[in-house]
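Both complexes shown next keep subunit A, but they swap its partner, so subunit B is in the first and subunit C is in the second.
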Partner chain A sequence: MTVQNIANGLLQGGVFITVALGLALVFGTLRIMNLAHGALLVGGGYLAYSLQRDLSLDPFVALAIVVPVFFVGGFVLQRYYLSYVMDHSAEAVLVATFGVALVLQSTYAQIFTSDVRSLRADYVSGGVNFLGIQAQVIDLVSLAFGITCALAMYLALTRTRAGAAVRATAIDPEMASAIGIDVRRVFSVTLGIGAALAAAGGLIVIGLGQSLSPSGGVEWLVKSFAVVVLAGVGSVPGVVVAGFTLGLVQVAGTQVVGNSYSNLIVYGALFVFLAVRPTGLFGEKSA
Partner chain B sequence: MTSPLARLTSQRWKMLAVPVSGAIVLTLLYAAAPGRLTLGSLNQLSTLLILLSIAQAWNLIGGYGGQILLGVGAFVGTGGYVTTLVLSHSSLTEVPALALASLGGALLAAIVAYPLFRLRGPYFAVGSLALTLSIQAWMGNWDYSGGTQPISPPFTRVPGPETLYRMAVVLAGIAMLTVWLVRQSNFGLRLMAVRDAEAAAEGAGVLTFRTKVGAFLLTGMIMGLAGGVSALQTTAIDPGTSFGLTWTIDAIVMTVVGGMGTLLGPLVGTIVVYYGIETQLETTGAWSQFITGALLLLVVRFAPLGLWPHAQDLARRALMFGRRSMPPPQGGPGNTAGINRASGLEA
Partner chain C sequence: MKWKRSALLIACTVMAASVMAAVSLGSSTSGEVVIGASLPLTGALAPFGDLYLPGYKQAVAEANAKGGLLVGGQKMKIQLKVLDNKSDGTLAARQIRTLVENDGAVALLGAVGPELNIPQAATAESLHVPYVTTSMPILPWRLTGGTTRRYSWAFFFDPTVAIQYELKGAQLAKTNKKIAFFADNDGDGKAWNQLLSAAAPKLGFKIVHKATVPTGTTDYRSDVQEAKAAGAQIVMAIMQAPDGIALWKQMKALGFHPKYAVCDKCGSNGAWPVAMGPTGEGTSTVAFWTAAQRHPALAHVQSVFKKNAKSDIDLGLVVAGYTNSLIVLDAIKNAGSTDPSAINDAVAKINKDYPFAHIKFDKTHSSPTPSLVEQWQGGKPILIYPRGQGAGKIKTPVQGLK
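Then we have the complex of A and B:
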């Protein structure tokens, strides 16, 4: 591995961290595997795309609209829909989030057709050269965004009163409820934050860094899941370490077998890891 | 008061009523439909029967086994590719090719069972999705099967619409019969025990891993066979559609809307979703998928057992109106806890 390869791996890791944070938060707190996560990632990009196309709004300015819209969307989804389904069974919740993904994906296909779209921002489209290492500006932005969000989430969860309530709810909702935590509210706010994080991350990583397609969410869901599994349930530092690990593994793998197998390397790594250590690097609970 | 013997006989009759009427319907479909229907309707009916089989196979692992499989395409696609490749590269006829497709589906299930069933709940679900995406990516890079390009069996070896329709009837019969047999068997009881309380089942001596793998093999077998028949129907397959997510969407929506863990739920769901939505909105593109997704959301929220058990419950209530001495219905939505807690012995 050359220095350039390692840099590429770390930058790819930044992408993985950014897309996985929302899923990790929701899974760690509500114990819901949100199958709509991929559709939310793509959705942030699509909303910014229509804002740019119709109002010529800069994608980074659009974040100020995308984040609150998806926060409210996630909050409402949990508060007025998923919270009722959660009373039925775990399987019902999985099927319900699958249905949400289906509805979102078909909405995107209806509005934006299945043609590939992407966002434009000239100041992040170039590359930089630092001590002989090449990097795309957008990849550096993704990395910075991912690390900042991870740090903010970690500090919020461990240093604030609200964060303590979220952690208590994650460990034991009934006991948390008994000591006066409004569990329903914690769940709704958490899903709101998870959706907003996903939309913002998707806007940057997929909308600006790559390209949007209605069905592209599935692939991103699996990649995010790979990071969460590698990290272990409920660990923010785990997500960072897992993202970088997966990024390095992907770059190292493509050096050996070629670019056309780059997704296969991530899925393969996921399976190997699930077989060897299903609890993740930092996990507290087994699969 | 009925004697135990009379009760046993009446139960035996009740138990046989469903398969006997099913066999009659299937025989009628097999013999009577081809001459009387237009080729278009026959083709639609074949598609319906293929989708029913896939939904029923999903029902086995998802409804009776409680394992939310998101990788239906892996098995359907394998069946399709095995059939097409066998017909293209050997002198075997359609029926042995379909048998191999079915075997291929079961074999794939056997291979992936060990890593997948180390996973539970959502891990299993997304793990199976990752599996499908892996196979899809792999097939796109595999030159022998044509890479991402569509492949077709030799034109002369594709069965005509009537033969194909009869194959679809037999396929649906196999799927329904398999689920009916599983439901009547001790194996089925073990499977539902694993679904409802895995730890308790294990404590009671059920070999949970072996039970789940058993159901998975049957699921893979039926899906492989269905994929083979479907490939003969469409005559051109490529990794994007053969291993795609559409199969998973159809299987889940049809089974959940009709009623997971019931024998006739997938039939009701397939008719409602395929005839009610997909063929009606064929020309409207993504709207069809939007409406199916919305229907799924509504059913999960307001009729969590599925349309068929709720309809049964309504019918029972209507029949019992005024007869206060009758016991309350068992397994209705009022006294069950979850979507998959429907009594396994209801039709």
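Then we have the complex of A and C:
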């Protein structure tokens, strides 16, 4: 692979990390596969789109509204709905989050119609050329955002009391409750953070870098899922390594067989890897 | 008690007969004619489905406002039954069966694109119910049906002509004749690939990069860099809007500035300039209808559809849907019957000017309509080819990608 291709792979990896982080946090802590994650990614973009269209708010400034809105939304969803569903069964939670995804998609279609939308920020629509390597500015922003959030999440989980509570809850909720941790609150805050991360990531990657459509989150859910599974449940460093790995595999595959088979190569490589190491790169032991 | 049993038996028989009569195909006992449509009102093709629906509804509303259609000496109102196929071909085909068998549709209006029209048409053929569609490029229609079609009909532009016109548009831009081609690997993409590969060399063009990708691809970095390195000054793309937007953004960011860039499907409706803003400026696209050509029904369609269409291109699609519905209604009236076979025979005899184009189906059950090439300039689609009435000046290089 040429240096440009490696750069492309790392940049694509940055995109994967950004979109997958929220899902990784929720999956690692609550042990639920949040099927509404794709819709949350797109939702962050749509909210920013509304703020830009109606209030001429810059998308990055809009993050100050998007993040808390989705945090509260995720918190409320977990606290007053998913908590009760979780008490019944894990399967019910899967169905419930799928239902949330469908409701969100329908809501987006109603409000924004099915016309494709896009956020605008001219200062990130261009590219840079550094020592002959080309990169889109938005890709660099996405990479910086993803790495920063991953680092912040890792430090919070491993260096703070709150993080310790989250890890304890993830390992054994009953024991955590027995030692006085408010498990419901931990779950609610975790889903809130996960939703906020998804919305912010979606604003950057999808809203600015790609385009928004009501059902466009499905493809990103699949990609996020691939990253999380490869990373290993509950591993933040794993998400970073997995993101970069999948990005490089995708670009390498494109070089060998063309873009027609890039998805097949990525998911095929994931399939083969998991057959050898089902727990993913870092399994459940790392925080 | 015997008489009670007999009365009950008679009552049940009468009820059963009534129910059977009510659900029979082509029922006229209710005084209504049912026509059905399965459209993509959600999913990737919804931007087009949303444009065809107002045209379908308007034609039916106009007929009903006059008291309905005169069928066999009796005025009958038309009921339009529309289902959302979510841009899914399998669901679309199933819904055709639902419309005919459950809803009693005696004729069907088509969907969007080969991926929906072809499975729907196949189902209509098996049910022996006429299916008339637009938004179905003629070449794939002919390739998949040949002369075997009996009940399915399509009118739309001929991509063979459209590709030629797009290449002629490229000649206006004075390029080095090197083309980078991008396409989704669906029916349209494969057809375009085949046609462009055949037509380009004949006009002195060379395809220096080609990328056919699954729908939903978002990463075009490598392809854009390779196209740039190959010296392409022309981009020709046929893909759904999300893919086209991703490609255009990446072309701009990676410094790929073609002199002429076509985005078919993606740039073919009014959502393009809204979604893309300045980046979409200067994109060209195939079109099928333009107000600049002053059709006889222009004032009427501009008046009734002004709230449905953001642009001339959108209005063309709405008018196509309106024409689609008018054709079916004319066929029902001309057949003088709600029998699907009689309606089908009447479709075959259609030879008339409609707001979209003159329609006359040939032995492949297709009626080619005019092709145009338009370029987005200042958020408006401007006709650049064919030259002549209503044509404007091409702007090159592509402003939005500079």
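Throughout what follows, the second predicted complex is superposed on the first by the 284 of 287 C-alpha atoms of A that agree within 3 Å, B and C clash if a C-alpha of one lies under 4 Å from a C-alpha of the other, contacts with A are read in each partner's own complex, and residues count from 1 in each chain.
One rule holds in what follows: contacts are C-beta pairs under 8 Å (C-beta built on N, C-alpha and C of every residue); 3 or more make two chains touch, one makes a residue touch a chain.
All values reported here derive from a predicted model rather than from experimental measurement.
J.: Mind checking subunit B and subunit C on superposed subunit A, clash or fit?
T.: clash
J.: Return first, second, both or neither, reflecting whether A:Ala109 touches subunit B, subunit C, both chains, or no partner chain.
T.: both
J.: Looking at A:Glu219 after the superposition, I want to know if it touches subunit B, subunit C, both of them or none. Which is it: first, second, both, neither?
T.: Both subunit B and subunit C are touched by A:Glu219.
J.: Who does A:Asn263 touch here: subunit B (first), subunit C (second), both, or neither?
T.: Both: A:Asn263 reaches subunit B and subunit C.
J.: Is A:Tyr84 in contact with subunit B, with subunit C, with both, or with neither (first, second, both, neither)?
T.: Touch partner of A:Tyr84: subunit B, not subunit C.
J.: Should A:Gln255 be classified as contacting the first partner (subunit B), the second (subunit C), both, or neither?
T.: second
J.: With the two structures laid over each other on chain A, which partner does A:Met175 touch: subunit B (first), subunit C (second), both, or neither?
T.: Neither partner.
J.: Answer with first, second, both or neither: which of subunit B and subunit C does A:Ala64 touch in the superposed model?
T.: Neither partner.
J.: Per the contact definition in the header, classify A:Gly99: touching subunit B only (first), subunit C only (second), both, or neither.
T.: After superposition on chain A, A:Gly99 lies in contact with subunit B alone.
J.: Common interface residues of subunit A with subunit B and subunit C?
T.: Dual-contact residues (subunit A): 105, 109, 214-215, 219, 260, 263.
J.: Using the touch definition up top, name the residues of subunit A that touch subunit C in the complex.
T.: Subunit A residues touching subunit C: 4-5, 8, 11-12, 105, 109, 113-118, 120, 122, 125-127, 129, 134, 136-139, 209-211, 213-216, 219, 250-251, 254-255, 258-260, 262-263.
J.: For a test of understanding, state which residues of subunit C touch subunit A in their complex under the given definition.
T.: Going by the criterion above, the answer is residues 41-44, 46-47, 49-50, 185, 211-214, 216-223, 225, 241-242, 245-246, 249-250, 252-255, 269, 271, 274-279.
J.: Where on subunit A does subunit B make contact in their complex?
T.: Going by the criterion above, the answer is residues 27, 32-33, 35, 81, 84-85, 88-92, 94-96, 98-103, 105-107, 109-110, 214-215, 218-219, 221-222, 225-226, 229, 260-261, 263-264, 267-268, 270-271, 274-275, 278, 287.
J.: Which residues of subunit B touch subunit A in the complex?
T.: So the residues of subunit B touching subunit A come out as 62, 66, 68, 70, 115, 118-123, 125-127, 129-131, 133-134, 137-138, 140-141, 245, 249, 252-253, 256, 260, 285-290, 292-294, 296-297, 300-301, 304, 337-341.
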